[in-house]
Amino acid sequence: MNKILRAKWLVVFLALCVMIFFGRSVSINVLTDNAVVLGLGIDYTEEGYDVSAQSIVPQASSSGNASSKKYVIFSAVDKSLSGALSQIGEKMGMIISLTHCNIIIVSKDALEIGLNEEIQNLVNGWFLTLHALIVGTEEKPIDILSAETPVSVSSAEYLQTLLLESISFSNLTRYKVKDYIVDNYTQSAVSAIAFLERAELPENSVSSPTGETISTKQYEYNLTKNIIVGDNVVPFTVEKDIAQCINFLKIKENGGMLTIDFPEGEVAQLEIISTKGKLKFSEGVVEASIKMNLVLREFVEEDEAISLFLISEEKLKEIILKTEATLTQSLKNTFQISQETNVDFLLLAEGMYRKFGYTWEKPANFLQNLEFKTSVQVTFKRG
Amino acid sequence: MIQIEQTLEEMKSIFLGSSDLFVRKLVSGGTSLAFVFLDGLTDKDLLERDILRPLLQAKEFAPPYAETLRQTTFFSEEIKQYDTAEEICTNIAQGDIALVIDGAEKFYLFSLRKYNTRSIVEPPSESVSRGPREGFIEDMKTNVSLIRRKIRSPKLVVDTVKVGKYSSTPISICYINGVVDDNIVSKVKERISKIDIDGIIDSDYIARFLEERKFSIFSQVAASEKPDIIAAKMLEGRLCVIVDGSPVVLTLPYALVEDLQDSYDYYNNSWRSSMVRAIRLMGGLLTVLLPGAYVALQSYHYQMLPLKFLLTLLSSIKGLPFTPEIEMLIVLVLFEILSQASIRMPRLMGVSLSIVGAIVLGDTAVKAGIISSPAVLVTALSAIGIFCIPDQVAQMSILRFAFLCVSAVLGLYGILFCLIILVCYLASINGYGTPFLAPFAPVIVPDLKDSIIVDSVIGMKKRPFSFPNKNRNRQPVEKTENEK
Amino acid sequence: MKNNILQKNEIYNRQFAVLIFFSALIFKLSRLPRLVSVTIGNMVLMVELVLCIIDILLFILIYYYISINGFELSQKNCPIALKILLVLLLIIFTGKFILYYSSGATFIISSLFRSIAPYIIIVTFILPIFYLAYKGIVSIARTAEIFFILVIALLFFDYTFLHGEMDFDRLKPLFTMSVGDFTVNMNSFGLWIGDLLPFLFIKMKKHKFPYVALAVPVTYGFIILNIIISIAIFGGALFLIENILVIIPTFNEFASTLGKLEWAGLIPWFIMIVIYLSCLLWGCFEIGEFLFRKRTVFAGIYVGAIIIFLLSVKSMQYVINMATTQFVSIAFWCGNSILPLALLLVAIISKRKNEKQKIMPEKENAPILLNAPGKHEVTSSEIQEKNSVNSTTIVLPAPSNHGGEK
């Protein structure tokens, strides 16, 4: 038998051996054995972590149309997050996959005990993506996940739409797993997370394509507030304007609307085009500055909207000044809350550390002894 | 001295009494002559008109017989002489006519070969939308003439050798003297001369002997059925090997990038040609990698899929009885079966069977829940893409199975490491002084203008640097200021 | 037409530039940042900067060594000194290879598979590396050239559409400890210098365009830029990131439509690690061939021993952790920095000896076989045979003279 023929038989033999070897030693993972988790809810009770997972269960369709799918929510309680997830997987009879989980709803109780290491375990061991959003709530996460929403059957999908697909036209806090971990390794170790409040929609406000009204309860979500959490911090919420100030100072991409109220009852509606927030640190002093580019969308005077082209230059200047004053006051209020609660959610200690180096030590009553200066500069045009 | 009857008996016994051996006896000028030839291989009309008739009419037929024959007959070619009956019988077997003269010292040979050949048509495997449509046929002389019509230069050298103990197949090595490297010519001649085989039926037999790496699935010799392609390659500095009985002509040296090139690229706008080459390359890569990548992503790396696509995929594969690896293997094998059947099936049944194959097998199998529609789509893309580079169909077909098997057990990691091994293997092949992956590895900048991006004919002033050449200039090169 | 014939282990400077890019970048960028972050916290940038500077200095030595044909001269004139140094270098290369290999394999196991037996990856990962190393540096260089286009295209895509919410203030403060403490902690990172040492054994065919001179600042600049971007994105949580090259592409504008773009970082990473490890292994094979004469036997035994070692240790993470232990790290510091100096010294001494003996330097375009000491001189018929088209030497155009009939 010549060399070439021998080589061919050898290749066939080797291929067989390799296939048998790998066939026996590598377990084939079928995609349909995986439960694709869209949203995760984490609560903390006396028994441990109460974890709920909303997964998608696609229905068989030869055309591959994914519109026929159903959502299921399973939950389990265990001393650890991983234990609870494993139990959920056992209940479902599938392997839990967090790779497409973009929303984590965490209860106030769970946020109070801190989830830094647990979330890191989810990232390393369960392939949770660093881009998953964290949202805090006072309610039970499972109730949020199981709530029906008008935009989508899945609550997790609705939240994703709210937070991820509306970046340019809303100023909601988009706090990711990565941000949560990163902020925990700062001098301040405090996070400002989006706070979810659920409100029931009025009856008859949602109807089906056939014209019938849907009788089950439908909810809408309000994410304008923030919840402040951290090491040794009892979580508390802050209102929309404070949350906005935090976002202006920490995040570059800001959108949404600003409503400026005048004493005479006039209202100016401004759209945020871009913001640039900066904190400048010096010995004992922090200077917070915001530069904002706005567009005037609507001006209401005596309950009547005024044409933007008829607004005088003096009125525009007044609007600018009022906007700056409002934002300055909001900044001061933000710092005041930080001082009163003694929680450094603006990460001022981290800023000082970065400025002065490793020799800087956080003094006692750091926030109380800190001077906070503000500077707001607004430029805008008519709509 | 030849005794005609005895000699004729000897010749008949050499041919073992073959019934197609004809003997035509005659007397010319008082001398007994006999023409011996094989029926079906000679031009009997020319024999009768230009040789028999003059001889029959000759009044004298005396030695020297060679001179007499030259003066008497109307034969334009050289009349060869042989000493022994064995030698002359070998030539009779090739289609020549032997003349046995009673009392002569030698045998005389007339080459009046004529056999039925097909007409020059466009090769079915290399059809073009623009450009010459001639194709080689099985007759070597015709093929050589087709090349001579493209390269009308006395520097076109045609060296003919005979290979094959029983077939004595003539093989011509053609090259342009002063352009092709002498080492390559001598190497090819040496290798052909060393071939010891019973018969050569097709040029592919010769190709196997000319390759550097005999175990490789990749051919290291180019082949084409079109004279314009062969002539263009010869003008670039390659030689060609024409085998009698085969319409496929070989060229050497060879680089893989040649399979990406087509005559269409040079007869069309170079912008369009560049785009088409990029698409061919993409088609080739998709063919080989797509089935494996699909299986790898499904089985091991679904986290890389966008959510919407993942959901669509889940809906499609829900309820299937097979794992993605088995499913893809089934679909690929089905396509291979279809492909082989379509080559061999009778034309009358071709259309209906194509419908059965494509629509029934694909669509019905999906509806029956045996395979999924993404798998059919992936395989269809792969099956179509394979013909973007027709000369590599065999190799790509094998490779896609290999990548599929590897991805089934090791996912994307397996595909990557196989790809690296494959590229390294290709990069290490050097044939006749030519790196197989030139001009990409090593990067040969001047040759890049005829790789994926195609320069126009005006811009191709130099012959390729990827293989040895004696003369690099194809067009006058403009002198730089310094040279002036 | 003047055809240039490449000698054994001779590559073009363009190919060398590609290899520099892959080799210098791969481990400094993928695995080291996490290690530094775990070991000494937030001083990743300073550590990388120092290591890059040391590497550049070492590269200058290596480049000079290559340009004076140090290996060949040392073989002829100082074989004993060379042997001693190469034995030490082989130990360094072996340690480096095992640690880097383990590092790569653990990443593949943890990130690409949900659950796979480590021995499968250990056994399969060596296949492309061994194949490339055995084929030789010319094949490795050509393979790298082919994949360079893909790697650059993917890296370009990754960084052009990077959308990472970077806060460059996270880079501050640059120093989180005193210079003294920093210097002491630098002891842990001896493994991560001298990545370009395997190229001591190459010969370089120069081109008038300074590819190598361009590659060095671009490569190390790219490393530092990546570190800056990573710190700007992750700050103090950099220890979380197992492989920066793979995680950066996930911060991409197209991630929402194209899915998790890990593959856009994984593919370049895998290609670069295979190319670099094969260069390292090839360096070991060159040393083995010089010391023991039989390349194939040495290659088989060497690689077999490494695989058996890795299969028998309790875990590869244990092996990787050894890299930061004091003893191992200091050994690497010494080996990676002193050995190139010593080799260069030997080469300079050999060169002076060579000049004294008035041996003619190699003629341009004459193929000269690399003779180990003790072998016979090459005859003219052997040279002719080597020049024939049946050989593996390549006939390529003169780099500075594209065409022109003589």
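Order as written gives the chain letters A, B and C; numbering starts at 1 within each chain.
One rule holds for everything that comes next: contacts are C-beta pairs under 8 Å (C-beta built on N, C-alpha and C of every residue); 3 or more make two chains touch, one makes a residue touch a chain.
Small disclaimer: the values here were computed from a predicted structure and weren't measured.
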Task = Considering only which chains touch which, label the overall pattern as line, ring, star, complete or other.
result = complete
Request  = Mind having a look at which chain is the central one, using mean CA positions?
outcome  = C
Ask   = Can you give the whole-Å distance between the Cα centres of subunit B and subunit C?
value = 43
Ask   = Where the CA atoms of subunit A average out and where those of subunit B average out, how many Å apart are those spots?
value = 64
Key: Distance between chain centroids, defined by C-alpha means - subunit A, subunit C (Å)   = 42
Query = What residues in subunit B touch two or more of the other chains?
reply = 300, 303, 307, 310, 410
Request  = Two or more other chains in contact with one residue: find those residues in subunit C.
outcome  = 114, 120, 256, 260
Key: Multi-chain contact residues (two or more partners), subunit A   = 22, 26, 29, 99
Inquiry  = So in the complex, the part of subunit B that touches subunit A is made up of which residues?
reply    = 214-215, 298-300, 302-303, 307-308, 310-319, 323-325, 366-367, 369, 372-374, 405, 408-410
Key: Residues of subunit A touching subunit C in the complex   = 22, 25-27, 29, 95, 99, 120, 123-124, 129-131, 164, 178-179, 181-182, 184-186, 251-253, 351, 353-358
Task = Would you tell me which residues of subunit A are touching subunit B in their complex?
result = 3-4, 7, 15, 19, 22-23, 26, 28-32, 34, 36, 38, 56, 58-66, 68-69, 97, 99-100, 127
Task = Give every residue of subunit C touching subunit A within the complex, in rising order.
result = 114-117, 120, 165, 169-170, 172-173, 175-177, 233-237, 240, 247, 250, 255-256, 260
Query = What residues on subunit B touch subunit C, complex-wise?
reply = 181, 183-184, 187, 212, 300-301, 303-307, 309-310, 410-414, 416-417, 420-421, 423-425, 427-428, 430, 432-433, 435, 437, 440-446, 462, 465, 467-473, 477
